[in-house]
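Two complexes follow with chain A in common, the first pairing it with chain B and the second with chain C.
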Partner chain A sequence: MSTVNSSMAEETAAPRANTLRSFNFSARFWVSLVLVAFVIAMGLFGLVYPTGPGEKVGSLYDAPGNGLLLGTDNFGHDVLAVLMAGTRTSLIIGLVAGTVATTIGVSVGLLAGYVGGWFEELLMGVTNVVLAIPSIVVLILISMSLPESTIWSLAIVIGITSWPWTARAVRAQASSVATREHIDVARLSGARLPGILLKDVLPYILSYAVMAFVLQVAGAILAEAALSMLGLGPSGANSLGTQLHWALAFQAVASGAWWAFLPPTIVLTLVSFGFLLLQASLDEVFNPRLRRGKRKQMKQAAARRAEEARSLAQHRTVDASTVSPPDRTRAGGPS
Partner chain B sequence: MTELEPRRISDRTSRRRFMAATGTLGGAAALAACGGATGGGGGQSDSGDLVGVGNNGQAGTGRSGDGADQLFIAGFQWGPPTNFNTFAGAPAWPASSNVAQYVYETLLRFHIVSGELLPGLAASHEITGNESISLTLQEGITWHDGSEFTVDDVLYTFELGKIDPGLGIASFWTEVDEMTAEGSTINISLNTERKNVGAVLAQLAQQFIVPKAVFEKAAEETGNKVASWETDEAIGTGPFTLELADQTQVILARNEDYWGEDFYGALPAMTKIIHPIFKSNEDGNLKFQNGELDVMQQFVPQISKMWDSGKPVGTYLQEEPYFVPGSMPMFLMNTTKPGLDDAAVRKALAHAVDYASIAETAMSGYSSQVLASLVIPDGAEDQWIDRDKADSDGWTFDAAKAETLLQEAGYAKGDDGFYAKDGEKLGPWKLITPQGWTDWNAALEIVAKNFQAIGVDAATNFPQEAQTSTAIQNGDFDMACWYVAGTNPSTPWQRFSDVMSNVEMVDLGQTAYRNFGRWENAEVNDLLEVAAAAPDDASKKEAITALDDLYRVEVPAFPLMYRPDEFFEFNASNWSNWPTEDNDYAPPMFRGAGNEWIFQLKKIGA
Partner chain C sequence: MNLGRYIAQKTVWYLVALVAAVGLNFLLPRLVPGNPVDVIVSNLSRGGSVTSEQQKEVYESYVQEFGLDQTLWQQFFTYLGKVFTGDLGTSFAYYPASVNELVGQALPWSIAVQLPAILIGWVLGNIIGAIAAFRGGNWDRSVFTTSLFLSAMPYYCLSIILLYVLAVVTGIFPVGGAYSLGLTPEFSISFLWDALSYYWLPFLSLVVVFIGGQAVGMRSMAIYELGGDYVNYARAMGIGDNKITQYIFRNAMLPQITGLALAIGTLVGGALITELVFSYPGVGTLLFNAIAANDYPVIQAITLIITVAVLLANFGVEIVYGIVDPRIRAAKSGEK
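After this line comes the complex of A and B, so read on.
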């Protein structure tokens, strides 16, 4: 416990030349950021693209050319316009569903992990039951029974079927945090349950929650695609999944209309790959133990920090500083 | 090439030849170049003097081995065949009702292009006004088990409708008072009130005649619940017998003792008809394109791509729409809903739909221009339509006109962009049709967009088929795309009845069998009666036109497109002389008179 506090003190105490650098963003992070940014930009560019996704510009599966970069789909719409609108819809669904799933998952996990006892058993029992049911089956059943399918209803349905694993993981973290001393301090000083959960437990697992959120977004985008491909997608809206659905329904593969099914497939691949990579690289940022490769860089960083610490120590010795020797060696690097 | 290749291939084993036929033109040529070990070429060639070949004038070179004498067909059987009782809920092909007459046959055979009723098991039929029909049976007909076919079999088949009133054939007896036999002549006296000749003829042309001996036992076994009887045998009179049916295929073998050898001029050209069972359209379409299937009834998007890429694939018509229109998917509107109870709104909606776009994209160009009429302006029904009236009093796609009509009817656009009158907004309405009926799904997507564009709130919803069907029958829907009678001897009358009839109107929530939109009108029943009982063609046309006029004023529903009754697509890889517009000895169909081409196909290979 004390190590956490004292090393935090170290972090703030040691001045850095470049704060960004201290995060140690890997190449993976930048690649994933570019991928995600590209997909988001594509979704946004659809707003200024001259052709609307519902505008008939050609016939059934016109090949690319004649000013249409990706040809037309089975409705005679510009595939590029539909793709951009679809990307936007898929991202919105992903974000909303991710938020819903993470909110439920983190709430349930926090409560279960912190409160413990029969309450934990109950919540985790429910979670395990939900986890044991294949979520795609639940998704399909709920989607089929909905009277109307909009992108919002779809997002919420996806959200409320994908929270269990987040809840389990958060519970594990929360129950470990719950045993720490500062929680006792908070409790003794009279803080209430919501205050403790939000101010004293949540911050310690926030990095994990953020990563879970990113995973949930990627998962929700794929779930939407799967549902829409089965024809359970939002009606009247374009999404990557509905685009694939129509391509399948009108046998784009058999008739060789690659421009109808490849672009949404590629964007789906990019967006889920991008988000997963982002999650993995964020993991490395938040948890230095997971940083891989770059041993040389690590050593350099370690040497640099040791140097900084030494100069600081010398400086403080001159100023009669109180930093204790063992902590100084700890500051040597991320071990 | 035509001369050489068949001979070069003929000595190879059938499997190798069959494999080669699945290759593309290039691939097959490459295989052939590799020499004997890899099998013969499967290339196409100009058809020479063959007729009834691919739309690009190409024909294949024929299969070798057993496959050369077999016909591969698809598009009728999707699940494992379990029951060959033709009266069951979902019997297997070819025992399912109103399909190709390979095992079972009908008394009369309907020709979808000419509208004629050709002789089948009945050598002739005679209609006396609207009072009676008499049929004379062919001579020398035998069942597959060798027993003699008699008038009793015919009488018993229809009698089953009385024995088990749950069967579809029971409806025969609402139109018919009596059916008697005299020697080999059968007399049918029509119901004196309904006098509906067309409906009776349609039944005579669609009902497979079954052996009395077999079904008497079935009725006994099941306590007169004939529909619940299960059998893996099908004893018919047809040119083929059921040889084998398993999970993957149904095989029919030629009946060498077929009674119709003289009547049709020959035995069928093929020794076997094989129907492979596919999981999906795509599987079948791919096999069809490669010549592993000779003929099929499956929806192929953009079939023209097949002959453009050199495959010997053909359709009855050489130009769009390629298929002879035979049905009319209708856009139904629930006229009990506020807004939709207004004929002006319904007509405005009919103006709002971009029919050309539906025909071009959703239907792959397989639909001709839709007219404002319940009569299909082609083939058998063409003689009943008044085109001038359909043009002058009808509707075409005109969004501006649609909005004008709404405004004239007192509707004004609200802040939300949707028309409303007296606080009653037009919409939100749900457009339903079964999930997976892709062309209809796509058509409704276009309609919903069109409605949104003029300021009517509409969105699509595609439930499962059973749910959709229940919702439509119970009137639990706003708008739907659904089918009505396809071209048969009783149309167009039957279609008017399906769409407009006020007979036996039921309340919302109860099952209706016609007029699903619950449209109410005082005069339509009389008009329908007059049309059904019209004693001659002139008065029939007059009555049909009167109905069509009422239909155009009231617009209780409107057609979105035309569709063929059956898709009829062939691949002249192994067989030529397929029926086409220029070679029209048989209609482009499987059922009814479509059995004729099986006697006339010509084997291409040696």
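After this line comes the complex of A and C, so read on.
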């Protein structure tokens, strides 16, 4: 009845030749990847940059020039060197805090969602209490009472204040996974609790955990910047926040020294925007409902269908017995 | 679960959160090595302008106020008693000014900037987000990317850039502050007119960020609803597009109303750094100065006010939700 016509061979060959395209990474994804890569590269480049961030190379707010690409800050340090060191510090704080927060959040969520009962009530009670108290308040209070704040203590404090929303979201998904049949199979075959959680539940929520991690990293970098600008930053270290703090404290904006405050502002924006965009495009990859059909693909599909219909009509006039199923090509699907 | 039990349960949980927050607020500053009173009195004496007798007087009044000669439990109850009678203590840095007075001066400025920004930003953001979702295509793409950029940008970064471009470079607005030097805050036409020229920049920088955030939320809610079964059903029944849009809008609005309530709850603590950037005399600037001067009573008072406002807003939303939407009451208690 049906025959293999030429258009079908074309369809399987052309769009799926590239494996990456089958993930349907949008332009958004590549833009965010470039932004994040740029920020990371800048943090790393600071390691080989000749001038140290604490070296005095000029006086108060020297304008860019004389081999200094971004001039000097209020201490007479090279702004570019400080910026690169600050980016590195902020990224380290973001990664450490993001790891701490995601680990706590995913563990609490998994345990609560899988075990259930009073244990779930207890864990979620604690989570909701922590979630209800604004984290900036807890951050201010804890950093105020720490005798000395280093980038590590700051990262851990940020991590242990920002896990609750991850825990809540993971719990909801874990409790739905817990009712599936493969969990019963695992339990019957004698798997222990940690094994089940890691091997049978975690894989189902891994895509969510990855997105949560991306958001946690961005959130931690911004939290550090906010704290530093309020004057609670890491002592003796440069971060994007402390750089802005000193720029504001020494009236860089009012005196028009754009090279002192614009670079950290722009990098913070890039970090925040890049990570959020990365999260949004990952969301589109994992969750097809958010995906809008690409106009170009739709047009291609429509053209293909028209072509097919025409060739079909021609065939039919030649040989009436050749009929191909009408729904071979569907538009809008991920290709 | 019936409504009464639902409300009772929520009330208990929020009371627990409140006690935890007040406890943290009480305990953490007391964990500072040495006690805050020693720190502040030694700072006073370093200035040299205070005689040892005055110093002793100041020290004793603080020790009495904080009850530092009592046990920790007694101190906690002293603190609770004062907080609930509305007495936030005495400032360290501006002795003998009361914290109530300092916060009372700062709070109106914060509210005056934020409340209009939140309301206007909310309305505009929702309209823009809904249009983007319905029209789709290039319009949607550009609106979504711009909104995402604006809402993703740390709000104080936009403040810094606006301050530089609109005040320092082009000189359209005055640089920093809330009113011209030499004026004192009062309710007169000339003062309000003067304050208005300083008002635009902080207002603009907050409203733009808020529009972005709301538009992103509204767009994704509306797209989500567009794919709902009830929309397909309505289409299949031949119901007109306008009617369907109405259905979608109502469903997509619910989370947005929550967002508005929560934004009003975070009003006090939401724009601390914007105020700092514009040296606007609100709560943010007060907090910054208090941190720089180790002024614990002021810091504690501000963190307490922020916490209480957020908890109240959350609590209000949950109660209203419970009344409006029976599904939430019926949901498993773990999802509260």
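Here is the rule we go by: the second predicted complex is superposed on the first by the 277 of 335 C-alpha atoms of A that agree within 3 Å, B and C clash if a C-alpha of one lies under 4 Å from a C-alpha of the other, contacts with A are read in each partner's own complex, and residues count from 1 in each chain.
Quick note on the criterion: a contact is a pair of C-beta atoms (placed from the backbone, for glycine too) under 8 Å apart; a residue touches a chain by one contact, two chains touch by 3 or more.
All values derive from a computational prediction rather than experimental measurement.
Let me test your reading of the model: by the given contact rule, A:S59 touches which partner, first (chain B), second (chain C), both or neither?
In the superposed model, A:S59 contacts chain B only, not chain C.
Which partner, chain B or chain C, is in contact with more residues of chain A?
After superposing on chain A, more of chain A is contacted by C.
For A:L206, is the partner it touches chain B (first), chain C (second), both, or none of the two (neither)?
It touches nothing on chain B or chain C.
Quick one: is A:R171 in contact with chain B, with chain C, with both, or with neither? Answer first, second, both or neither.
After superposition on chain A, A:R171 lies in contact with chain C alone.
Touching A:F273 in the superposition: chain B (first), chain C (second), both, neither?
In the superposition, A:F273 contacts chain C only.
Where does A:V34 make contact in the superposed view: on chain B (first), on chain C (second), on both, or on neither?
So A:V34 meets neither chain B nor chain C here.
Give one of first, second, both or neither to describe whether A:A254 is in contact with chain B, with chain C, with both, or with none.
both
Scan A:N74 for contacts with chain B and chain C and give back first, second, both or neither.
first
Return first, second, both or neither, reflecting whether A:M124 touches chain B, chain C, both chains, or no partner chain.
Only chain C is touched by A:M124; chain B is not.
According to the stated criteria, A:G231 is in contact with first (chain B), second (chain C), both, or neither; which is it?
Both: A:G231 reaches chain B and chain C.
Going by the contact definition given at the top, which residues of chain A touch chain B in one complex and chain C in the other?
In chain A, residues 144, 147, 231, 253-254, 256 are touched by chain B and also by chain C.
Which residues of chain B touch chain A once you look at their complex with the stated criterion?
Checking each residue of chain B against chain A gives 281-282, 285-286, 289, 300-302, 305, 354, 357, 360-362, 364-365, 430, 435-436, 438, 441-442, 445-446, 448-449, 452, 459-464.
In their complex, what parts of chain A are in touch with chain B?
54, 56, 59-61, 74-76, 144, 147-149, 231, 235-236, 246, 249-251, 253-256
Spell out the part of chain C that touches chain A in their complex, as residue ranges.
It comes out as residues 13-14, 16-17, 20-21, 24-25, 28-33, 136-137, 140, 145, 148-149, 152-154, 156-157, 160-161, 163-164, 168-169, 175-176, 220, 223-224, 227, 266, 269, 272-273, 276-277, 287-288, 291-292, 296, 299, 303, 306-307, 310-311, 314, 333-336.
Touching chain C in the complex: which residues of chain A?
Contacts found on chain A: 28, 112, 120-121, 124-125, 128-129, 132-134, 136-138, 140-142, 144-145, 147, 171-172, 175, 222, 225-226, 229-232, 244, 248, 253-254, 256, 258, 261-262, 265-266, 268-269, 272-273, 276-277, 280, 289-290, 292, 295.
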